[in-house]
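Next, two complexes with subunit A in common: one pairs it with subunit B, the other with subunit C.
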Partner chain A sequence: MTTFIARRLLGFIPLLLGISIVTYALISLAPGGAAGVLSGMSRQSTEADRKILLHNLGLDRPWYVQYFFWLKNLVVNHSLGTSYIDGRPVLTKIFEKVPVTLEVIGLAFACILLIAIPIAVYAAAHKNSLVDHLATLVAFIGYGAPTFWVGIMLLELFSVQLRWLPAGGLADIQSTHFDLGERVRHLILPVATLTLVGMASWMRYQRSAMIEVLSEDYIRTAAAKGLSRRTIIFKHALRNALLPVITLVGLFLPALLTGAYFVETIFTIPGMGYLALNAVFERDYPVIMGTTMLSAVFVALGNLLADVAYAVVDPRIRYD
Partner chain B sequence: MAVTALPGVIDEDLGPHVSLAQDAWRRFSRNPLALVGLSVVIILVLGAVFAPLLGRYDPNALDMKLIGTPTPPSLAHPFGTDVDGRDYFSRALFGARISLEVGFVAMLVSISVGTIYGSLAGFYGGAIDAVMMRFVDVMLSFPSFFLILTVEALTNQFSILVIMLVIGLLSWPGLSRLVRAQVLSLRERDFIVAATASGAGDGRIMLRHLFPNAIAPVIVAATLAIGDNILTESGLSYLGLGVQIPTPSWGNMLQKALDPDTLSAPWLIAIPGLLILTTVLAFNFVGEGLRDALDPRSKK
Partner chain C sequence: MRYRFPIAAAGVLCLLLPACAGQSTGSSTQQSPQQPAAGSGKPNYGGQLRIGAVAAADTVFPIFAHTQGSGNDLGFMYDGLVNIDPDFNVVPWLARSWSVSKDGLTYTFHLRRDAKWSDGQPITADDQVFEYQLTTNPAASAPYKADYDGVDSVRATDKYTVVYHLKSPNATFLASIPSALPHVPLPRHIYGKIPPGQLRNMDFSQHLVVSGPYTLKEWKHDDHLLLESNRGWWHGRPYIDEVYIKEYESNPAALIALQHGDVDTSYFLSTPMWLALKDDARYNTIHNPADQVNQLAVNMKNPILADLAVRKAIMYAWDRKTEAEKLFHGEDVPAVSPIPWAIKWAFDPSTENAYPFDPGKAEQILDADGWKMGSDGYRHKNGQLLHFVNGEIAGSEISIKSFELFQANLKSVGIKTDSTSLEFNVFYQKEQQGQFDLNEGGFGGGADPDPFISLSSKAIPPNGLNYGHYVDPAMDALIDAGRREPNQAKRAAIYKKLQQRFVDRLPNLVDNMPYYRNVMNKRILGFKSAQAGSQFTSTMFYEPEWYIAP
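Moving on, here comes the complex of A and B:
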């Protein structure tokens, strides 16, 4: 297992190189690129000033040369460069924001698992029951509704109309010190949005995996030898039905991350998504590179985690 | 005579001749969700096509008497009016045009690129396949929405054509993987070997033999992609990076959703979202209906 993880981590290097090249090429070759950086300059600046600025930023060179310097800086100085907007190191800016996003995503993921799996198991064991139909309905909404719309609807209902929960931020404006209850109240709506949307695909897959397992011969055998329904469902069926679903984690993380970007925008949470979106709007290339790379690393790690979890749950799977 | 009896036996076993399309339709029409989805899609397409006839108002016309405060749904304005005094029903109808157009054209782009890319990789195999698929791995490591958003923002071109192209050109990698897998499994089949043996060239084999056999999952993926693209467009437009106001799209109708004026008028937020939800679900139902109809072996 250790060798497998080590091998996979080594495999990250070419993957991340590929990702960085594609990202760099895309953002450099997008029409209107460098001109946008200059749009922030004052009107009085002369053509010569512009040239100097472009030269200082290295933007007058072809993109692959720029990429080479970007990569060299990363390898030699372990730096992703500095922001065009405030001159602070990109890594510092990112690491300030990562914990908040991880908090939101982590909480949402935990809620999704805690809610979706039991409901899906119940729905599979009681096909066509009220719970089953309700679960299908919720799954449909989560599947077809845009994340940002779900967030806005929740905000409209619970914050604007009912005034139960705060509409944004991580703390009350007048608060002076960290308060757990306050934090929780501020996180309920964002986490609920991600949970509602994320639950959908999870519930659908879990339900169909469970139904498939429940029709296996060994389940009939277990029932025939007189085991209780409870034991059959939890010990015999669920363990096997979790297996195909675990691989979903890898596919699931990108969606969750995208969802977090929207949620952070709507509920004004200062996380990665907030940083990334602002960087895009401000054409802050080094920060765009940094946040894009980080999300790709995140996705790659998610895939690795899924493979490892797969082997842990199913002893038949050996990677070495 | 055994030879003349043989065709009779076969006819008896198979019953009357049924074409693939007829057979698929028979299975499709037995699936209530798929039929509901198809009906919704038809209604939406008709609504979009006949938007100028159905909407009584110009979607961009401002009603000076109603500017400033949104009015709730009424007989004159079935979906109410927005903050600028525009008829929301007309905007929703014209928004359907944009959203369906973007969904459909972006799908055509991504399906074309994905199918060609996947077929080439699967057909040639070996080193070509390895290199092509590593590139797909790279593309799939991005949260695709964020990539689309970044390119769209940097390009700073928000014509509908550019939006369709950006969405289409950045969402094909998943599909190419699907097509490649199909082609890989078909490539070794006897009928392909027979075609090669009888001297058919690469192009002929791909177009005549591989393509028709690999098309079913592509049709399903295409249907599902329309819904995904509509979701992507709505997200872009919500952030102001998609279809630009005043042209209405379901996404940019939500752009001002967090303004205090709009928050006091919940129907302005609910309606575009419900339309997106209904449309995406309808395409999903049709897609899953097609999956069951086109591939009798697939289990739900």
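Moving on, here comes the complex of A and C:
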């Protein structure tokens, strides 16, 4: 197993290298360069002034030369460079935001598992019951509704109309110190948005996996042995039904991260999504590279996690 | 989605223009007739003003500020040599007086002796020279370096006297360079020892030394700035103790914060935001003629549009009055002038009646010009379809609706139009390259009416905003004469001629003269609203005199 993980981690190097080259090429070749933003669309700014700005940032060289220096800086100085916009180190900017995004994603993921799995198991065990139909309905709405729409609707209802919950941010404007209750109130709507959207797919996968397992011969055997339905479902069926679903984790984390980007925008949460989106609008290449690479690492780790989890849950799977 | 450039998204390219951040003495201001002063009781100290901003501050060091967000924030923290009052007059500020040489080339400013930096050091003439030296040093990468292209030198002749020598006489100088941001004095005793190339990477969030009514207490990037009143400020302690500037990612998020009561006001309100708030009993409304012109730039390189008859036909076919009624509630004025109607001394009101909606006349003009209606419902000449593509910035609901009305109007006289919506940076690049036939945009945001930047042949991109590549020696001569003439009445006469030529020649298709709209929570008292303006700090006067209802 250790060898497997080590091998997979080594495999990350060419993967991330490839992603970084493609990303750098894409942002450099995309229309609408950094000069316009940097010159602040100054009314009087001349071509010569813009050339100076680009030269000072090294942007007057071909993209592959720029990329080489970006990579060299990363390898030699372990630095992702500094933001073109505010001159702060990209890593500092990212480390300020990562905990916030992880907090939102982590809480949403926990909520999804805690809500979706029990409902899915119940729905599978009581196929075609009212709960099953309701769960299916909720799942389809969750599938169909975009994250930003769900977020705005929740905001409108609970924040603007009912005024039960704050409209955005992670703390009240007037607060001077960290307060857990306040933090929880601020996180309810963003986490609820991600949970509502995310649990739809989770519920559907878990339900079908469960139904499939429940129709297996060994479940019939267990029932014939006289085991209680509870034991059959939780001890025999669920453990097996979880197996295919666990692979979803790897695929689901990137989707959750994308969702978090929307949610951060809607709820004004200063996380990675906020940072990445602004970097794109501002053509802040070092920050775009930094946030993209971090997302790539996140996705790669998610996949690795899924493979490892697979082996842990199913003793038949060996990677050595 | 967040608009990094909210103003641009609304179709106006005023970002951090010096006069956008002007402030006034307050004492010399007059109240706008439609905007009575909020509050008449005795002001008291204390409290916190909360502002929503849909654009993060990128820097708190003026020479690097290149977004309107930063410009508004810095307006609380830095003073300029002179200032702009609500009637667009230049008034003394850090400079108690100034004089201009007879040849119009030398401006001498005499600084107040009681003004101090927030660390207690005196603000001197050399601090203004320091700003000039930093901005014009290529190593510093200051975005507004080109503002000084017309300035030959800036010198301190003694501790409190600073002398600007211009390359040629420029009547717009006072209102555009020393009036405020970003060309404000900077403390040489703090930042003078740092190589200019390294300043950009400095962390200014700690111990920032400023000259204005508020100092920086806390700056959490992409979240908020907390400002604290500068008790040693030369003008006296501001009434409100703290200003909390909360950054929002998008207009909807800022609107919800206003509806929820999290903030008292916003740096920017789009038309839909204004409509959602204007009847909210918790807010006073601010509603002024904006110092902006909304227009479609015409690409003169397109031979069809270079034909004046076609431009005139478009203007007659375009029902700008109905557009103003449907989209802007009948308020925006469909004038045809390059000079914002807010700058009353220079604006010619007769331009409001130019090109009234008359589709019959448009058809006559096109018929006479040889454009014959085809069976497809559009006009053709020599096998060529009468067709244009309009470029616009994606994401603006008003822009889309506005274009739909324009398109329908033009279709009725046989002109085909299409629109291409682009992300802001891409739009900007293509606009610079002259890739659109027509493109939405506006300009303004200054206290001076000089239309050089959008009309002069010297301001063709990349050297200005003359996106249509309009070249007209007679117009250039009028623009130059207006820039040279120091006397306001004589300038007004020049601009009257210039506006007449504009109406005759139609270098751009002016849509309307817009309003600036905002709201302020009624708990904030003592604020006055300028008679005109288009930016927060140039419209809401005057922060140090505001106070919070006890």
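Convention: the second predicted complex is superposed on the first by the 308 of 320 C-alpha atoms of A that agree within 3 Å, B and C clash if a C-alpha of one lies under 4 Å from a C-alpha of the other, contacts with A are read in each partner's own complex, and residues count from 1 in each chain.
Heads up, the rule we're going with is that contacts are C-beta pairs under 8 Å (C-beta built on N, C-alpha and C of every residue); 3 or more make two chains touch, one makes a residue touch a chain.
Everything numeric in this text was worked out from a predicted model, so none of it was measured.
On the superposed subunit A, the two partners subunit B and subunit C do not both fit; they clash. When both complexes are overlaid on chain A, the residue A:L53 reaches subunit C alone and has no touch with subunit B. In the superposed model, A:G87 lies in contact with subunit C only, and not with subunit B. When the two complexes are overlaid on their common chain A, residue A:W149 makes contact with subunit B while staying clear of subunit C.
In the superposition on chain A, A:L243 makes contact with neither subunit B nor subunit C.
Once the two complexes are overlaid on the shared chain, A:I266 sits against subunit B and subunit C alike.
Residue contacts after overlaying the shared chain place A:Y274 against subunit C, while subunit B stays out of touching range.
By the touch criterion stated above, A:I19 is placed in contact with subunit B alone, subunit C being left untouched.
Legend: residue contacts after superposition of the two complexes on their common chain; A:L71 is shown touching neither subunit B nor subunit C. In the overlay built on the shared chain, the residue A:V138 is in contact with neither subunit B nor subunit C.
In the overlay built on chain A, none of the stretches 40-48, 238-246 or 292-300 of subunit B clash with subunit C except 238-246. The contact surfaces that subunit B and subunit C form on subunit A in the two complexes overlap at residues 30-33, 36, 152, 155-156, 160, 265-266, 277, 281, 283.
Subunit A contributes residues 30-33, 36-47, 49-50, 52-53, 56-57, 82, 85-88, 93, 96-97, 152, 155-156, 159-160, 163, 166-169, 173-174, 264-268, 270, 274-275, 277-278, 281-283 to its touches with subunit C in the complex.
Subunit A meets subunit B in the complex at residues 14-15, 18-19, 22-23, 26-27, 30-33, 36, 140-141, 143-150, 152-153, 155-156, 160-161, 208, 212, 254-255, 257-258, 261-262, 265-266, 276-277, 280-281, 283, 288, 292, 295-296, 299-300.
Residues of subunit B that touch subunit A in their complex: 134-135, 137-139, 141-147, 149-151, 153-157, 227, 231, 234-235, 238-239, 251, 254, 257-258, 263-264, 266, 269-270, 272-273, 276-281, 284, 299-300.
Here subunit C touches subunit A in the complex through residues 1-5, 8, 13, 15-17, 48, 50, 56, 58-59, 64-67, 138-139, 141, 143-147, 149, 197, 200-203, 220-224, 244, 246-250, 252-253, 256-257, 259-260, 262-263, 423-430, 432, 443, 453, 462-465, going by the rule given at the top.
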